[in-house]
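Shared between the two complexes below is chain A, which pairs with chain B and chain C, respectively.
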Partner chain A sequence: MRNIIFLSLLFSFHLVVGQVPTGDMIIRKGTVLTITKGTLTETDILVQKGKISAIGKELKAPAGTKEIDATGLFVMPGIIDAHSHIGIDAVNEATNPITPEVKVGDAIDPFDMAIYRALAGGVTTSHAMHGSANVIGGQCQTIKHRYGLMDPSAFIFKDAPRTLKFALGENPIRVHGEGRGVQPRTRMGVERVIRNAFAEGQVYRDKMKAYELEKVKNPNAVPPVYNERYQTMADILDGKIIIQCHSYRADEILMLMNVLRDFGVKKITFQHANEGFKVAPELAAFGAMASVFSDWWAYKFEVYYSTAYNATILTRNGVVTSINSDSGEMIRHLYYEAAKTQRYGGLSDDEALSLITINPARQLGIDDKVGSIEIGKDADIAIFSGHPLSVYAVPQMTIVDGIVRFDKENDPSDMRIYIDPEEATPAYYGREEVDECMRGTDLMFNNRH
Partner chain B sequence: MKRKFFLIPLFILGFIAVIIAQPVSEDLPQVTGCIALINAKVIAAPGKPVQVETIIMRDGLITDIGPRVKIPADAYRVPADSLYAYPAFIDAFSSIGVKNPDTDAPRGGPQGGPGNRDRNSHPAVDDEGNASLEDAGITPFRSVRPTVDIKEKSIADWRAQGFAIAHIVPKGKMIPGKGSLIILSGKKTDDLFWKEDISMFAQWSGAGDTYPSTVIGIMAKWRELYHNATQDLAQQTSYTNAMLVPRPHYNQAHEALIPVVKKDMPVYFRAPKVKDISRALAMQKDLGMKMVISDAEEAWYLKDQFKSGTISLVLSLALPEDKSDKKKDEAKAEEKDKKEAKEKNEEAMLRPAHAQPDATAQQPAKEKNVDSTQTIIKNTIKTDPEKEAFEKKRAQSLKEHYQQAGVLAKEGIPFSFGTLSGKSADFTKNIKLMMDNGLTSDQALSALTTQPAKLLGIEKNCGTIDIGKMANVIVSSKPIFEKDAAIRYMIVEGNLYEYEVKEKKKNSGKESASAKGLISGTWSYTIETPDQKREGTLEFTDQSGSITGTITSSDITSGNKELESIVLDGNTLAFTFDLDMGGQMMTLEFNLKMNGESFDGNVNVGEFGSFPVTGQRTSKPKN
Partner chain C sequence: MKKYNPILILLVFVQSIIVLHAQQVEKSTFGVFALTNATIETVTKGRLENATVVIRNGKIEAVGPNVTIPADAQVIDCKGLTVYPGMVDSGTHLGLQEIESISVTQDYDEMGELTPEMQALTAINPNSVLIPVTRVSGVTSVIASPSGGLFPGTAALINLEGYTPEQMYAGFKAIVMNFPSTGRRGRYDRRTDEDVKKDSDKAIKKLNETWDRVKAYAAIDSSTNGKADYNPQLAALVPVYRGKATAMIEVNKESDILSALKWIKDNKIKAILTGVDEGWRVADSIAIAGIPVITGPVISQPTRESDRYDTGYKNAGIMHKAGVKVAIRTDDAENVRNLPFNAGFAAAYGMSKEDAMKAVTIVPAEIFGVADKIGSIEVGKDANIFVSTGDPFEPATQIKHLFINGWNVPLESRQSLLYDEFLNRSPGVTKESVPGKS
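Let's look at the complex of A and B:
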């Protein structure tokens, strides 16, 4: 398995823009955790052009296909993190309470070491999100961890639906109300800001529709002044964008569901949702999903109250639930985070692993492509030394589109691609990377809370 | 104990020739409109052979050139035998002559920024998110002209480096405004201007606490602006051509971007780093404007994207500096080794043999010598393989930056140079660094002449020495990029600037005569330590250029009284002295400034710190 990464990186450097490299391989005799179709022992997975083309015992592979011996190892779909901020250079455009027009996908950082670290934890896809400084933040970007490529666009998860960050509660209140003296100053204000933005979106959409109708009759029809902000709101109204809402408290979760009902918006995943368990039946009834921490709360007042049983309660109530990291560090051990639901709530292996595979894929609208080991899906695969829900399991190899992007046997200490010649000390020398919701908002505070 | 003396001979002189270029005729009015550059070795264009020719220039144009041209009677004759003539440089992207913005000017928006705002006051403007175009840094309607000043030093500085023409852009944020073409010569600001508003300048600079503040905000704003400018253009067209069409709406920013949308005006996108470049390229791909990636420091990463020629390229003249500790370390290493060896040695002497830190030190302390202590040190200093690997990668990266121009030239990718981030003082050094790393002199010259001329659409007027071209000529003492080459004349649109080359004798400051006068004799000194004043005398003697010195003090009861490592440089005097402080040896490092009959300075006493020293001469030497 040595040198595979090296070769793949070498190959990737000279990639023509727009192409994404894929690979062929056969993974032999592993214990395959398909997630959706049970566990298969001593099973082979054939990968062709980056897709899973066959699953079975003693498969035949075309001559010359790279073989990976997974005897005694556990093979699972690449882990998906539904909430992270790695791989992007800008997290918050914190200058306005409503900035749906900005896209973190415009600021992809192909050199972010956190992407490689995530690969080392078996994570192949993450949802790079706008931060929570604004009530309506920017559009997020689902990325594949093709670490080694120079071209930012090569990280984009092709055909992943558009997603957009909303944020309720203390963060936007602190940044805008307290920090900048504008609405929202309270939770009431947060609701008002959202309703206003949707209303503006409706007005804009109506104007655009009227123009489109007029244009059919009159080639000289005058279009409204283009407004990317309200165009994006209109796209949400039209169901083209999945809302990903930063939220903690049950009351604010109910509030947003009511607002969305009023505007006919259906697609939403509540992020964090630390009190999601209190409104689990309501979430299920709405069709809303939830992406939560395994056991992290009480780090500020509005998250004072939660429980490690949150994921289990949501799952048992029929809410599509995932466990996320929101951290460049926690992303490396999401399999441990998922395992905690077995201690707190007794979820089955498949249920627990679904929290970091097929469920986040559903929340991001990419479950037809990734999230389980099935024929036709992308060959995004993580190989572990033991069962990934065991504390003794160690990720051995992570594969994206049939290309090995992490190999524990060939894991040099310095995996940087880009080196700043004037950098005083290496990035990995004691500098803490902060990949979190409130990155880039320091400017906006009177004081830190 | 034997001690070495590091006595510095003071007669090492060496008259180091320093070439100082000075413009001498800046303010003199030109007597005639005609210049004859006689018998120069002319390199008419990059790659052209050297030919001895005379160039006749009149009214800012090259009117004749050849080995035997007739020199007009009214010509100002510049004999140029043995001198080299080149087409003067064109700066593809810069801010030469552009004043720094007045930072004290009040902002249009709410004062003080959000961080300082009084929470109880209601701002006049609702929020920075809906700030004015000016505050948001979106000023495509602005021309560079009002911010240019003939008095700016950069004009003469860059002219002295061989530049005659520059494409200059305004200062600002996301879209600072429109660039112009200037000629680096003139009496008043208007004289500089050749073509106004030839380009749009853009960069990834956010508006701080105002929208757009980040790269994602800037990108979104560009999409919206471009979309609206496109829409406005279509409306204007239909308003002109059709009946019953409402008058198009007017927006200053959209209006200014219409030439960009029409691809009449290129966008010079400042993109130094690789991510800046890839984002600008992504924007170009998305919106389709004519783009020039400018001030590029890391374009080789994405070289394939420049091969098609759709995107032009201006490379930065700034190069990263070697900030590794290596150089410093190397210099310090010896000194430190020596010092540590000495300290260890002394430590070892004070410590009983059984307490030695490692096996090699087990030998009896008395037999220890410097060599063996050095071995100990080498064994105890651990090398950090991770840091070594890091330094290696950094050195490689540095090299790649230096190789950028050479690599791109080799790939056949055309590029120009721009001075925006460069310093005029580093120009020659950096060009040479690039040439040491693969760039040929022809390639360097073309990136400074014909390429920028083509990029800026002035190749008919500039970039080579030919009849009919603008009289922009560099006259150099040697082939232009050669070591020690000095510019003797700059001719900018027929205006002659002369640079005097004089050899200045720089003495090394160690002349015996002054040295003798400066320090020979007996001095009293006072060291002020926190607890007390320590006093004594210093005596220096100078024999055939060697200075020796001794120290006496009531504190010094035993041991050596001779001064070591005496170095006199100009009027600064440094020396060391080893003091036996009750069995503990301390090295005192003196650094003094000699002010005739007195001195002041400090003395460094190892870990105890540094203390001020003052002193007076008490007697002169007897000659």
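Let's look at the complex of A and C:
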């Protein structure tokens, strides 16, 4: 444990000069599931400075390169969770239906044990999201699971596009309409809140543009009062932000697509989208993507008419689909969640694994860096004892930027970095399930998702 | 031009009407069935190849490689398929909950701490949408259990087929008890150490006081020849006190498990421990006490931050290895269908596949005293059977046939019907529905 702290401090020092630690290694003779370029047997992967530099049989590595023997093992790209709330200390700024100015990236928690446990399930990147209390919530943060480092900024996925949480349906209605007595109290209200926010963003953007033009002619021109909320709405209008919208019912999914059409916004991934299957042709036509649960349903009324075949129907209709966790528990076994699409609809191995690798990478705009095993991509790699779509597969090792962050054989049982010195015996948590999506609203409510 | 036989055309026409009609409402059918050319995982008597199972009058009439197929049997060729006994989930809210966030659809948690007379069977909704969703995975029986409070009620074992709770009842009931949970409850428990201790003491005291009242009531009941004053709460607990009924005791934390074992011994209770999340820490003590365990969900987080990441997965296997009789549950309602995958995780993390299969078939049957009826493929047992393309713990495996109490149950649920309707939606995208093109 002391070593980890020491190493972290060492790495943090590097971060001062703006770099995250990277490693070199060669992974020998594994069955490599590249996802985008087929399955390669007894194949080596050479990693240099945290990137995949060569893939092939019996590769030569520079002398002294760390060797990992993957004989008999399955090697796949690090799993990506397009919807989670791990590694952050705050989820909901539930004080207003519109809060695009807040950023969960300001509240990264490097000590969150959930990050290590996600690594122990092969997950190397997750999308730490604002919660679903607000119609337009905060800005989310794509993070890399560099567990062991103690500098919050070391977890930020460099150059990942900005993403912002929207939420439709029961959650914002209950928090604001029922809980706080402000609009929205219905799905009609939800639409108006969004249209109003975009309209305000347009006005703000027009004022800013007018000022920029004026400034050229008049050096004494007075800029409009800066407003982060409307600036963020303007950034969405300008295509600088990917909307990630918590949604369940088909009608509200259609509603948002219609709103976005009117404002010329194109980049959107619908999160959860339990009824996405009902409007799969429309999603495909719009170019919207969907990030769904494998089989969660019936936890509230708006997910009563769900089906575990959702991911299959969306995929077959041409919608880029991923499977997410939204849970510190489920993020530990997304490979098994993806495997359920083989029971429910019979997706192929590559299709099923795409749901937790290249497809979430596309949805987060990071598919040029991660999500498949290809030369030039980040060396984010998960090694399994068997095929990851088998229930019997056990994650063996997880690598981020060429550095081993989880090692089944060699990690100690207790992987806490921060231990309360006054704690005599570690606290018993039981199987407690926290409603992550609604975390921070528990004073008003107590409900999941 | 060819001439068609008009009678043949008429026959085809009539038949297509019958088929169309059958598609509208697919019902379970009862009769004599012969599952032939199958691999049979009997669970108790090994694996049989190229064998036959005959089902008649709801029972398994014959099993083996040299079975004569009865003339009146409907033959189902199972070449390349495997026959398994239906799986049993030993702890669920199935039938007692429709939608988790809507309290008026939840019938498992009656008001009050002491309500052992509440009958889960009374509140089972045989028409719950959740039931077909569950059984198409090969789960044919579940414990439907009340929860909340000290003695929340009486759980019942049910088969997942039937139109009334009585038709579903599978012959076992148990009084549910939540053993007092001591200590801090998770990271959001903000009580002071003093309050934690006070609350723990109070809970244990309350249990002992309640039990003293049960003892007194039982004594009066004996001395008055069953004419003690009407008290349904205490009356419901008397059979447990007398060792005639089983208590399912929910307990999870290490120290609480040890307290529960002592309490069971002191009071000579016929008990089953349920939950038992930290059983791996005290597996030997549980084994020595000889108390069976129902644990799960296997797919769960460790109970402490300091624990190894996979303790939840390993718990069942560690207890089994120590000699504890272990059955597996999901503790779920809408996703009881994941029972086989929970067993699969137990197998991936230390249990053998055979033992994991037993933990969802014959072991719960033995724990509930119904091993003469369910839990394996043996002559004379109830025909709770599913047929699959292979190992049901593997997600890719498909379930092909399902029998519950001898009824051939259609592999249909609202979720599969939605798939059928929406895979190739008709009409698909139309001029009116294209977003972004108005």
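The definition used in the following text is that the second predicted complex is superposed on the first by the 413 of 449 C-alpha atoms of A that agree within 3 Å, B and C clash if a C-alpha of one lies under 4 Å from a C-alpha of the other, contacts with A are read in each partner's own complex, and residues count from 1 in each chain.
The definition used in the following text is that a residue touches a chain if its C-beta (ideal position, glycine included) is under 8 Å from a C-beta of that chain, and two chains touch if they have at least 3 such contacts.
Just so it is clear, the model here is predicted, and its values are computed rather than measured.
When the shared chain is aligned, no partner comes close enough to touch A:235: not chain B, not chain C. Contact with both chain B and chain C is seen for A:413 once the two complexes are overlaid on the shared chain. Within the superposed three-chain model, A:312 lies in touch with chain C and out of touch with chain B [touch as defined at top]. Of the two partner chains, neither chain B nor chain C is touched by A:42.
Once the two complexes are laid over each other on the shared chain, residue contacts for A:178 go to chain B alone; chain C is not touched. Residues 413-414, 416, 426 of chain A contact both chain B in one complex and chain C in the other.
Residues 98-102, 129-130, 183-188, 252-254, 277-278, 297, 299-301, 303-310, 312, 333-335, 337-338, 341, 344-345, 347-349, 393-398, 414-416, 418-419, 422-423, 425, 428-429, 433-438 of chain C are the ones touching chain A in the complex. Residues of chain A that touch chain C in their complex: 113, 116-117, 120, 254, 257-258, 260-261, 266, 277-278, 280-282, 284-287, 295-301, 304-309, 312-313, 316, 328-329, 332-333, 336, 339-340, 342-346, 389-394, 413-416, 426-432, 434, 447-448.
Contact residues on chain B toward chain A in their complex (touch as defined above): 114-115, 117, 119, 121-123, 126-130, 207-217, 219-220, 223-224, 227-228, 231, 235, 238, 242, 244-246, 248-249, 251, 274-275, 278-279, 282, 301-302, 304-305, 320-323, 386-387, 389-390, 393-394, 396-398, 400-401. Those residues of chain A whose C-beta lies close enough to touch chain B in the complex are 14, 16-17, 89-90, 92-99, 101-104, 106-107, 109-111, 130, 138, 150-153, 176, 178-182, 219-220, 222-223, 225-228, 413-414, 416, 418-424, 426, 440, 443-446.
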